[in-house]
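Next come two complexes built around chain A: one with chain B, the other with chain C.
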Partner chain A sequence: MNLWRLARRNIAGSSYRSSVVFLCALVVAGLALSTILIVRGASESLRLASLRLGADIVVVAEGTESKVESALLMGTPASAALPRSNLQKIAAVPGVAAVSPQLYLSSLKNASCCSASEMFLVAFDPATDFTVSPWLQKNLGGTLRLGEAVGGTYVFTPEGEQNIRLYGYFITLKGNLEPTGTNLDRSMFFTLDTANDMARVSKTQADQPLQIAPDTISAALVKLGAGADVHDVAARIMQAVPGVMPIESPNLFLAFRRQISGLLGAMLGILSITGILSLVLIGLVLSMAANERRREMGVLKALGATRGFVFKVLVIEAGLLALAGALPGLALAALTVYLFRSLIIRGLGVPFLYPSPLQLLGLVGACIIGALMGVTLAAAYPAWRVSREDAAISMRE
Partner chain B sequence: MKIIAVLIIITGLLIGTIPLFTDCESQGRAIKLPDGRLIAMKCHWTGRAELALALPIAAVGGLLAFSRRRELRRNLGALGIVLGAAAILVPVALIGVCASSEMLCNSVMQPALILLGTLVVAFSLVNVAWPGQRMEQAA
Partner chain C sequence: MIELRDVSKTYTLDGDQAVEAVRDASLSVSQGEFVIITGRSGSGKTTLLNLVGGMTRPTAGQVLIDGVDLWQLGDREQSRLRSRKFGFIFQFPSLLPSLTVLENVALPAMFGADGSGQEDTRRSQELLELVGLAEKLHAYPRQLSAGQQQRVVVARALLNQPAILLADEPTSDLDEQTEHEIMQLLRDIYRRTAITILLVTHTSQLVSYGSRALKMAAGAIIDESA
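And now, the complex of A and B:
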């Protein structure tokens, strides 16, 4: 009988011991993967949202920073008004290469004139834009015309219709952007001309007209020139333009980053406690099992098994149980996080992006290695103790 | 294998009860017709269909708990796989749930039913493939 077969027989022979180790491995591996998926998904989502905005500095009206960030990430409607005249002042600041205005709007809630309820809408100026326009040039070969829009990855034209209706205005969806895991995935991007046209049509066609205050924007996106320091330029903008707050790109979504750090700390705490308790429990169970089986191991040694063989049998047994527990635990965790992702976003108040299959495979592999190492470590001492014992003493006791 | 049977019973009961508390009707939502009448949304009918599936799933679990013959266990396992797949298909394709991700039926009921249906399929697969059954038959 070889090593692996003996270990498998031992597992089948003691269902209680095997179940405890199996369950511990299942819980720890599942919890570890869930923690990694949620925290990594939230951080990755923030990174992609910053990239999608594509600005080095976002200038908003003083006191509206968190409102604009919440609007961009979570789709919370925000009324942040910045005088349009500030664009020229910002453009004149040394180090600024380009400035482009954006207007943040939202569709009506459960209104017959809107195909999508409370959709976040971003209007940009195609003449100065450097965030959406490069994507449009690359994928559509030009910019958007009046009445045309591109949407986030989850924006679609309703079944059986050719356009999306917003405020009674028909918009043609020209394409979809890559997912970010934030509310930008449920947002629509069109030109300022389309926004103004929509406001005009909405006066007669919508349940409630779209109000756009003249000469105001929601935010000014700033691109820096080569070699310009983000911090210096932000300070200069604050000095040159009163009543505005420049948010530097690395500090963008800072409140959300802090929330994710808090979440990471709490989840790591729970994971550490569960992991340590599980390892202690596994160690205890295996130690008790090793004591119970001293006679059996003594017989094995009397039949010619070496100390190394006895040690390996016990450790392989624990490893097989760890693997058998970790695999369903990881599958369950991956499936649960995937299925309940929208509940996670709403419940935790952070954006979330599920990893690609390849990245998920890597994370699962890392968790399996972790579970194997943990359980093997817990099994190593009792296995070493039993393997060192003299065969005659083992059989007598 | 008795543990697996008990798990199938519990999963079956959850499949039947979760929609009772997470469909739109339980949240006081309904479609209002122009004549003022209220009719249930489709997630409510998904809940009813799941209730109809939950009973045979729990029954499969109950029968598995008391069956010793290998053939019977295998057949019950196969039936469990079909019922578990149906529990997934009802909220995903056959009837569906409300479209808005803001609604509880979309964010909780549908994922919970998919998860529980997957568990029923997995537990039933274990019953079909478990090698220990051969030994039980011999005994």
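And now, the complex of A and C:
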């Protein structure tokens, strides 16, 4: 018999007390991990989406900023039109180092001419682009040619086929980008020439032709020169180019950031209330248990146990229960969030990126440490009180 | 071996009410004595025994074991002395319900034995044989009668081969026949070993089992007869 074995046997011998602590640890740990996974997943997703766009300022037509952001993050079809002539005006603004157009399109829904339904499509100008091109250069050794595309992590060529068909136009998928958790993962990137060629072919090959308004783009992506202040340049663009709205990079997806902040607040609120209630409940249960077991602890002291031993045996019991409850709670949370991630995106209206196995392991480890610390804290006072008591007083109860 | 010098113990009950459980008690017990202390309920017998065993701190006076003042020792030294020097038999059910009979008997080895786990188990088995419970090694306390449980407690008290056995009303909840069996068992152990026994009871008929009898009333040792 040793301290750990004694603690384990005591746990097994008191099913009611053990069940309450076990369940509390399971709920709190599970809820904590779910909150962290959802909020972190949404924030990380936004960060990667901003990074993917790679622009310091995104200029869109006035009044269409939320549409463009929704299109990029959630795949909501957007009809945002900006005159192409604005590109020169923006380029002339002091502080602007580069400007590149992007055209946002979407494939048809359930159309026989499209092998991918309602896919978000991004057309870019390879001559000026500074967002997709560096990736292409690094991974494919050049840019995309006519009829070629790269896709988000979930874009693939249908089984048994060599191309993806959009508006009756055959596109060769040359590679896949890293996941972002946003709709960019289900988007396809190709050149403006490919988009125009697709529009031409679609007139005869598609159920419905692809309409691209001449001399129109969806957004202009701006890269600043060294030392330029993003806020000053945005203000200058607004002055120089009427009818546009420059979205500064820190403010990009602001509505979604606010939504995530609100979500974080709500989830932290629920987590705090549940956590505090659980800790109080665990504290009460352990306090009652320690009280009930004063005689048992008195006997242990009479047999030669030190105060430290009595304290340790009570705290270790609580810790083992916390661990036993936290582990299935965390596994359940990780599995639930993973299985229902699409529902989370739709239900909460925010993008979401599930962490890598290594990151998940880190988060689970942090939650285990949190659960252990919480329960140990709740157990510490009653254990300390009983351990300091005269054995004779304990045994009189 | 055991010496109490003007020991008093006052408990403070709810509020400020003070109860003097033991009052200026002085006592000297030599090795190999079987001392039986009798007295009515509330006379201070259990408190006196707890004072001897270091389970409660005296309000005044000194408790000396082999010349060492118990309350001059730190918690660790006092716990070590308790595990090596004393064996305890309580009047209430004191077995740990989640452990088997064998594990309960071996429990004091966690705190005081120098032997290996195997040796502790072997000795526990021997002691359970001694108290007539060799066939109940793997039973749980709830599966035993009150008398059998008390026998297990006796076996547990002897595991670390203590020099002093402190027994607090060891037969209070038992029928007459079982009471006799337990007392007989204690006398056998006393005769076989050089153990010192201090037993408190409210039953004056039990004094015949001891080598020396004391009486307590209102917290004081009032009578001693050889």
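A few points about this structure:
Simple rule for what comes next: the second predicted complex is superposed on the first by the 397 of 397 C-alpha atoms of A that agree within 3 Å, B and C clash if a C-alpha of one lies under 4 Å from a C-alpha of the other, contacts with A are read in each partner's own complex, and residues count from 1 in each chain.
Note that contacts are C-beta pairs under 8 Å (C-beta built on N, C-alpha and C of every residue); 3 or more make two chains touch, one makes a residue touch a chain.
Since this is a predicted model, take the numbers as computed values, not measurements.
Aligning the two structures on chain A places chain B and chain C side by side, free of any clash. By the touch criterion stated above, A:343 is placed in contact with chain B alone, chain C being left untouched. After overlaying the two complexes on the shared chain, residue contacts for A:12 are found with chain B and with chain C alike. Within the superposed three-chain model, A:303 lies in touch with chain C and out of touch with chain B [touch as defined at top]. Judged by the touch definition given at the top, the superposed model places A:393 against chain C, while chain B stays out of reach.
Set against each other, chain B and chain C differ in how many residues of chain A they touch, and the higher count belongs to C. When the two complexes are overlaid on their common chain A, residue A:226 makes contact with neither chain B nor chain C. Looking at the shared chain after the overlay, A:358 reaches neither chain B nor chain C. The superposed arrangement places chain B and chain C with a least CA-CA distance of 9 Å.
Overlap of the chain B and chain C interfaces on chain A comprises residues 12. Against chain A, the residues of chain C that register as touching in their complex are 46-47, 50, 53, 55-57, 75-76, 79-80, 82-84, 86, 88, 90, 92, 94, 96-99, 103, 106-112, 156, 160.
Residues 12, 19, 117, 328, 335-336, 339-340, 342-343, 346 of chain A are the ones that touch chain B when the two sit in their complex.
The part of chain B that touches chain A in the complex is made up of residues 3, 100-101, 106-108, 111-112, 114-115, 118, 122, 132. Of all the residues in chain A, the ones that touch chain C in their complex are 1-3, 6, 9-10, 12-14, 295-296, 298-309, 390-393, 395.
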